[in-house]
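Listed after this line are the structures, all set down as structure tokens.
Look at the two complexes coming up: chain A is in both, with chain B in one and chain C in the other.
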Partner chain A sequence: MGKWSEEKGTKDMTTATNGVNVDALLEAREVLKGAPEAAQFTWRASSKWQHGVHSEITIQNYFGLGQEQSHKEESVFQADHPEVFAATDNGITPIEYLLVGLASCLSAGVASVAQNRGIQLNSVESVVEGAHDIRGILGADSDVRNGFNDIKVTFTIDADASREDIEALVAQSQKRSAVFDALTNPTNVTVEVA
Partner chain B sequence: MTPGTGERFTAVVIGAGHAGLAASYFLSQRSIDHVVLERGEIANSWRQERWESLRLLTPNWQSRLPGLRYEGPDPDGYMTMGEVTEFIERFAKICAAPVRAGLNVTSVRPAEDGYELTTSQGAISARAVVIASGACNAPAVPALADAVPAAVRQLTPFDYRDPAGLPDGGVLVVGASATGVQLAAELARSGRPVTLSVGEHTRLPRTYRGRDVLWWMDAAGVWDQRYDELEDLGRARRLPSPQLVGTPERTALDLNALGAVGVGLVGRLAAVRDGRALFSGGLRNVFSLADLKMNRLLGTFDDWAAQAGRDAEVDAPERFEPTRVPETTRLQLNLGGGEIQTIVWATGFRPDYRWLDVPVVDAKGQLRHEGGVVDSPGLYALGLPVLRRRKSTFIYGIEDDAREVVDHLARYLTAVRM
Partner chain C sequence: MGKWSEEKGTKDMTTATNGVNVDALLEAREVLKGAPEAAQFTWRASSKWQHGVHSEITIQNYFGLGQEQSHKEESVFQADHPEVFAATDNGITPIEYLLVGLASCLSAGVASVAQNRGIQLNSVESVVEGAHDIRGILGADSDVRNGFNDIKVTFTIDADASREDIEALVAQSQKRSAVFDALTNPTNVTVEVA
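Presenting the complex of A and B:
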């Protein structure tokens, strides 16, 4: 009989060319099991208010593996609000950045899990929709929350695998997603004036 | 008492549950002189630490111990705790286990020729020690319990006996493994509004293709999978117990069944903040994971039945309705508002090794061992999850484990003597 495993059984890893270095990730997992201090990362974004509700955010450095690290290049993001908010629309709204984070995190997860399971991906597309009642942020109704009421992600995946295997990829990617966790579970947030 | 002045045995077994008694059975077979030390009575945890309505998850025909099998009138039924206790007592008589009851072991430490034990009845030394004190000595309650408002009564499965012991009003059951789903169902039937907090869980039907699902686990060889052939042993050992209940009606007790009796489902309890319980919004995904995993397992059963030519003995393959996602799920509950009178922590159990003065317990409080051979010469364990096989913690799973662990112990004694 086939072997039963809690996770989807691992197939031949060499057959998929999704471009994820799973060996390196699995090795890191083993190393960090015995070195929890090296696993402590701090991600950083720096924001500078521009004008109106427009801010510019830069990201380059972070801390991890026990020392300061740096991305290859600095990334610069514009965050603003659209014209229907009577704003200048120099960039996407802050809450849309959460959708950027969720979509990219889940896609990375799908690719990694597929690689680990030997599933060849041909295309992975997703649409992320966040339902938002803006009466909350406008203070129009105190019973309405500020944030999303509901987020829906729809994946369209072409892969050399059964529908059930593809659903398992998507389920496992949520299970190991930093952004999915950050959005679905409460997190302590401290905001101070320096 | 100074070391070496107490009684001396070749082997000591700690715990007179089914695991310790099975060890005794094989030690006696090999004429290894030993004693079984028991803090309470034989089958103590089954007598003291279980709720009233609990029955075994395994059907009666599967309840077997070395030299003892169920011979009653209802092979497909499930034993009550009284029946389990009787069954284990009968086993103790059959193997004439040298049990010393009402004796508390307060320390086990390495000595020159084996181990030195301090007990409530004096010192005992032995060349080998088998730890069979169980995997569920204490309820594991998350630290966030401390933030629950004082007006809410908090219970663990060790405190719970029956619904009558709870105040009237709403109950939040945290955890949806076997314990959580059973208590949620029982409390809902008592007329209390019940909310169940659901994290990752193991969904199983009670019967599949006309047979008990545990018949399939056994027949298809899943339960015999060895610890050293599993891809992720750590994960297998942490697997939540399946959503099963042993009832005469052999009904499923999955989340759909709980929904049908009015139990409200919420996500994993993530925090208690300002008197409010905050739940994860990831409920759909834990449903998907559990449904997918169950269907893979059922697929394994189908493959086995086809390959082994057993299709004619069982009903046709079937698939179950996916876990129904509630239209809306609550992300928070006000614990101070009176809606919730009681919280039941069905969040698992942990072993207690505070008495073990040998450096073999890891940072998470689990014993370091390789198939029951503990990381200290002459020290052994039995009755822990997936100790040597998937079936290790089930009553009938102990026979193979105990035989092999005692084989190792006997070889160790011989080797040390040479």
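Presenting the complex of A and C:
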């Protein structure tokens, strides 16, 4: 793990090249303080059942900054159950998508905070593990919850910073992570039939 | 929306061809009642930061039924922030992956419950919408949470069943959904630096 590069002498916010446009984010923060309606986003996924427990999910459009927006490309995902559940394994299991979201949200946070603090990242890797007692979803034991028992995230980071500074990046990332909040705190979910 | 097919007269568990192996799931339920250790799964995602807030996430292996298991293929996902966040939009936003998981988990549940009840599904579509006030993640207002404000799921289902029976499928799917539980109830998440 690298040290804070000594030739720079002091932390210079402009020298880290992690690729995050922090100036734009800080400007958005200020603008949205005075325009809370523009900060109201709606993210959307459309799912189409295929066969068995296999579904195909598409994401392209969302609402934000007061108008419809579009990702530059449509993204299509397959979700299924694995063969050990007597299914066709045509994609990862739905619950695994939560781990994809958590890993990527925390990593984006690490990169953003590092950029803001002028810390050069060399590599950021993480492994996310979700412990899951499947007796819940199978209805084998009504005392077992359906979701994860707990989730563990382990980061391996090479950056031009002390271990203490790296740990502070990871801690700050959790404090601003949308997915970390969504998994650690409850959200109201309404399900309707059209 | 079709009616329960009249030529069959009564519900026959063997006639629905939704593709879910309910017999195997019911057998697993019974076996795991007496073998709780085999029901302990660990799902895993590995993330590698690319540049900016873009990460690549890989899923292949998991632990379950007392041993290491593998999906038949490796799945690779891109996560990024959209251009309106001054990012490169090389994949969907991390929080959108939660909607992929929710849509697919509830759809898998609908298919499984329908199979168990002998209800033939013709099509199952859903739209999942997550309302998100981005002032939270931007740090523009400390009273705004980082995650979703709320999530709404709307199913459109064509099945050989009454509307009442279809609504009952969707309700039962929520009761056994891993992702619905993970989003509506808190989970402990531990984050460490290796």
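The rule is short, and it goes like this: the second predicted complex is superposed on the first by the 183 of 194 C-alpha atoms of A that agree within 3 Å, B and C clash if a C-alpha of one lies under 4 Å from a C-alpha of the other, contacts with A are read in each partner's own complex, and residues count from 1 in each chain.
Rule of thumb we're sticking to: a residue touches a chain if its C-beta (ideal position, glycine included) is under 8 Å from a C-beta of that chain, and two chains touch if they have at least 3 such contacts.
Model, not experiment: these values are computed from the prediction.
If we overlay the two complexes on their shared chain A, which of chain B and chain C does A:Glu167 touch? Say first, second, both or neither.
both
Just chain B (first), just chain C (second), both, or neither: which does A:Arg44 touch?
In the superposition, A:Arg44 contacts chain C only.
Check the residue A:Phe180 against both partner chains and state whether it touches chain B (first), chain C (second), both, or neither.
After superposition on chain A, A:Phe180 lies in contact with both partners, chain B and chain C.
Given the touch rule stated above, what does A:Asp89 touch, chain B (first), chain C (second), both, or neither?
A:Asp89 contacts chain C only, not chain B.
Between chain B and chain C, which one contacts more residues of chain A in the superposed model?
Of chain B and chain C, more residues of chain A lie in contact with C.
I'd like to check the shared interface: which positions of chain A are touched by both chain B and chain C across the two complexes?
On chain A, the overlap between the chain B and chain C contacts is residues 167, 170-171, 174, 180-181, 183-186.
Residues of chain A touching chain B in their complex?
1-10, 164, 167-168, 170-172, 174-175, 180-181, 183-186
Enumerate the contact residues on chain B facing chain A in the complex.
Going by the criterion above, the answer is residues 200, 220-222, 225, 229-232, 235-236, 239, 267-268, 270-271, 273, 278, 280-282, 285, 288-289, 292-293, 295-297, 300, 303-304, 307-308.
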